[in-house]
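I have placed the structure first, in the form of structure tokens, so that the comments after it can refer back to it.
As written, the chains take the letters A, B, C and D, and residue 1 is the first residue of each chain.
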């Protein structure tokens, strides 16, 4: 046991300060995508939806309905359109209503 | 409740809230309703030195009798429904249910004869934590949100959280 | 039970193949796997021939439903040129030869096949419920047609004479562990029997893979056992590739291998932490968890996911590791783990609990067809990585770590040896270069077998595709699905209840992998 | 007018009951008449016995005059206070059983005969206790044995009952032989056949003969009293007798063995010297420990109770043995005190053991089995029986405030004063015996937690036990005995006063005030040692239970509270197989004392396939019957061997026999010629 005590002291503190301070390790975490409405077209969106293994993406007319709750951050949509989709880097997603996790992204790419 | 503008006081506020309403300890019971075993690994890591949720006044308890918070992972396999309901009913109020991970939120499996596909179908979920798996950090954040919900559920108490405007 | 004992003289693989072909006809032969079609009549004889050859292990057994149910046995050949031999036989009617009498390892699969396809071994031995819970509200769909009558209650430990009783535990167990029901049959003192219900987690993965393309399917496949996502994913992808007749680029395979070894590392670290928890050594647990967390962060830094989900894809990999990050981070994290394990080995209160605890003999392991560290700890040098005809493990042969004794301590030592080995391999793979190439997949109707060595042991996957490239039958067999069957024997070798958590930690299996 | 006259009434009533049973027992009214008469006799015996405690010994009377009666000697009757204790018990037991029997038995031919025999047995027991001469005693004793043998043969077709009856008869006869020899020695040496006369002239006999006579008597009566290793008939016989029969066997017949021992030890031939006492005490302590240990290994309620009877007999005999030692060491007060304590335990055990056997009968009829591991949850199905049984269980587990505790406390207090003998060795040996009894007591509590908890608490383990109903089950008799148990506890001072009078007639020592200085306080023979009051204790405990109950009732939360099922880990449902069973409950003892039990464990499965077992698990741990196997079996084998050796002589061939005759005559001639 003394050995463990010594090791513990030598090891020092590794505990994160989160939530008081942001935690550095968060940057490496996979995070749900953020969409650039201006670069989205129906065609791109439909391909992304086809690629999405879960139920996170769907399209209602000219809006991309993105359910962050269902998203597994697998990154397949990003591979369809790397320019239009980037990791959001947002991991503090917990919500008190399910609907708060569903984001409406207007598809503005058609306009141009 | 997303953490207030003043980051530095979040942890303080959390601790204070837990102290005020739950005698300095908020007890968590976890449920695995058919996860792929990764959410469990992340939950176990919450008590590991890197995250050490005890410092915030959270504790794990094996008995739902002593639990205030039910941390549910997995797509709610129908064969597990009985156990899930029993565990929920065994908890004293006020209690919150936290659905953890994409499976629990219905992102991986659809409802079918094997499973409900999401926790909400069986238990009244109060907090949803996305992610596959939700990292311990995401879980910590989710728990802090859950404390807010729990605080709202406690009848007729002055919320420390609300007093310093963090009640969401 | 009169299980066939292997003859002392090991026939070569070719001899066995010839023997089997003599009974039937050679179907296909690719890389590591040979497929032989055996008429149902000769199946028993073929099983005798295979089980009678030393170094041959019944690795898996499953059925597929077409116009007629086809029964496939996967034999792992482990001596001169490791590889796999699949025998496929069409079963008319309800019954096939009682294979578990020849190779006891077949018993669990016999139960599963009966549940799913309604065909049972002749002789009417009682079969157990495995996946389908007796209390399921709705009728659960099965892969094949329904059994004529449902299997008997699992092990129904109705203790006649009542000199023992069932100590119920679960399905909701300790915090942060998977749902699992233990029926601990005890006479008040000794562990008379121990049986498990895993159906609380049965998600019908194989059932829901049907009709998907392999690219869609791998998403679910790697979630069949999340803690071996890479291994299961690789096995599944390899099966698909074998079926489609494509070979991923070497760089991509090395990427997979790196991911696989990283997975092995963090799993062994997690097992170490669990062992400490089971032995009540909190400080050791904390230290091991620090190492575990660092390893997971290495994963995140190198592959962008703490559990390496989505790395493997049919035809290649989705992304290459950040080699610099890996070279930078891994040694530190590994040293952390190594320091902890060294300290653990110097802690008597820890080691004493491990020694002579949960003993499995090599004989048991062989008969039960156990794999991975559990089997290697009994001295069996079984490792699916050896069965690679080509690819990273062919270029960089892995030296298989074995131990004698078959107790928890032996398993622990095997794990320690493997962590060192993994680090060595990762370094070599990185030096040779990794890449994210992915050959696209032209659809074609065929079948294929794939395998990989997860931290829990050999993972097997078998897929049958239709001409549209959609799955008609996929079989996933993670290591857990094998090794749980050794668990009750290990526990029964013990008379102390408090050793059971230690044994469970040393097996380090997942219920998800068993229940799928 | 003296107690004896009342007992004539009792005897007459029982003979009448026997007759009524034999003639009319096959129909309900006849059955009722028989039981009524039996109860009447019981009441008479109760009165007579009770009176004789106060009255003292009656003179010996010979109703038939000095004429030779069929007994081959004058019929001599006498009622002593010592016997009075047993007669009183006989009365209570008889009444309780008579109250119980009509509901327990179906009218029928078998029942008729059975009840007739039973009443005959009662009569014989009374005769044994009222015998004033040795011939009368022996005849009555043998009659009693034979009557009991017939009782055990209630269902003669079953092998079990044949075996049980045979064990009983064989051992009784051996015992009888020894007893006869013991009596013959005494009577030839004292030239007397009357018990009083023998007692009076006992001092004329030299020590060797007296010791021999005593040891013979100890062994002979030990067979009845169930002293280990002479006990084997109890567990064999009790299960096969109807419940009231086994109640009678345990409650009374065994006590008659104890009476015989007391008769010799204290009245007929109080041997000088400590060693007979030591032998008796050792035998008692050994019996007590072995008895309770074997009880732990039994699942059949009746066998379990039978072994516990052995244990209690052991306790009583231990007390008697210690009394003899104190007598030898000139400690008259302790001598008298331990005799009284022993007699007290006789009365107590007579009550609660009878009760428990009767309730075992109720359980068997209601649930269709006596196997604890097939019962369970009876407290909800047989509430009345549960309450009564619980009282009896508290009594036999010697838990305050019930009667078992009182008598065992007295016995312990007596043993703890072993130091007063002055001899270190003896003191140590006595304390050793006390320690053995301590172990026995502890195990007894354990055993009866099991004996009550497994059948009555938890969930029913079989459909039958789930379907158990209380309607039509007898309750009166056991309830009466439960009342008696409480009375014996609360009324301890009265009982002790009566017993000390009875004791005085034997020991000549008057403990009266020394034993009961205050009204309700008991002093174990020496005021400087200890004291306690069963009555106050009972009252206090009652209050101690009442107070918290009241507080709870008063302070119970008025706020609405929700009740949810027990947290079971999310199982679909508890199954009966998930509860502690009788054998698993006693597994720790089995493991601790496996040297004694030598359990043979066998695990079988429907399929013992190494790759995953399937089908029911069958686990059995058979306890080796050490004494039967290593003591009796060799004897039996020897006898059989002898029989085989002799058989060839009798070929059944007439010519051969003629040859024998011829040879004999020839031999005779030759002898004559020489």
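The criterion applied here is as follows: contacts are C-beta pairs under 8 Å (C-beta built on N, C-alpha and C of every residue); 3 or more make two chains touch, one makes a residue touch a chain.
Here the structure is a predicted model, which means the values were calculated and not measured.
Trainee: Measuring between Cα centroids, what's the chain most distant from chain A?
Mentor: Centre of mass proxy via C-alpha means gives D as farthest from chain A.
Trainee: Out of B-D and A-B, which chain pair has the most contact pairs?
Mentor: Taking the two pairs in turn, the one with more contacts turns out to be A-B.
Trainee: Starting from the mean Cα coordinates of chain B and chain D, work out the distance between those two points in Å.
Mentor: One centre to the other, that is 64 Å.
Trainee: Roughly how far is chain A from chain D, going centre to centre by Cα mean, in whole Å?
Mentor: Distance between chain centres, rounded to whole Å: 81 Å.
Trainee: Taking each chain's centre as the mean of its CA atoms, how far is chain A from chain B in angstrom?
Mentor: The separation of the two C-alpha centroids amounts to 20 Å.
Trainee: Express in whole angstrom the distance between the two chain centres, defined as the mean CA positions of chain B and chain C.
Mentor: About 32 Å, centre to centre.
Trainee: Considering chain B alone, which of its residues make contact with at least two other chains?
Mentor: 49-50, 64, 80, 82-83, 87, 108, 132, 135
Trainee: Can you list the chain A residues in contact with two or more other chains?
Mentor: Answer for chain A, listing residues that touch two or more other chains: 14, 25, 29, 54, 72, 74.
Trainee: Where in chain C do residues touch at least two different other chains?
Mentor: 135, 171-173, 179, 220, 286, 290, 293, 306, 309
Trainee: If two chains touch, include that pair; go through all of them.
Mentor: Those chain pairs which touch are A-B, A-C, B-C, B-D, C-D.
Trainee: Over in the complex, which chain B residues touch chain C? Could you list them?
Mentor: Contacts found on chain B: 28-50, 60-62, 64, 74-75, 77-83, 87, 103, 108-109, 112-115, 132-133, 135.
Trainee: Would you mind writing out the residues of chain C in touch with chain D in their complex?
Mentor: 1, 3, 100, 104-108, 111, 125-128, 135, 152, 155-173, 179, 181, 185-189, 192-193, 195, 364, 367-369, 485, 488-489
Trainee: Please output the residues of chain C touching chain B within their complex, sorted ascending.
Mentor: Of all residues in chain C, those touching chain B are 133, 135-141, 171-179, 199-204, 207-208, 220, 223-227, 229, 270, 273, 286, 289-290, 292-293, 296, 306-307, 309, 510-513, 515.
Trainee: Show me the residue ranges of chain B that touch chain D in the complex, using the header's touch definition.
Mentor: On the chain B side, the touching residues are 63-65, 80, 82-84, 86-87, 89-90.
Trainee: Under the stated contact criterion, what part of chain A meets chain B in this complex?
Mentor: Residues 14-23, 25-26, 29, 32, 54-56, 67-74, 91-98, 101.
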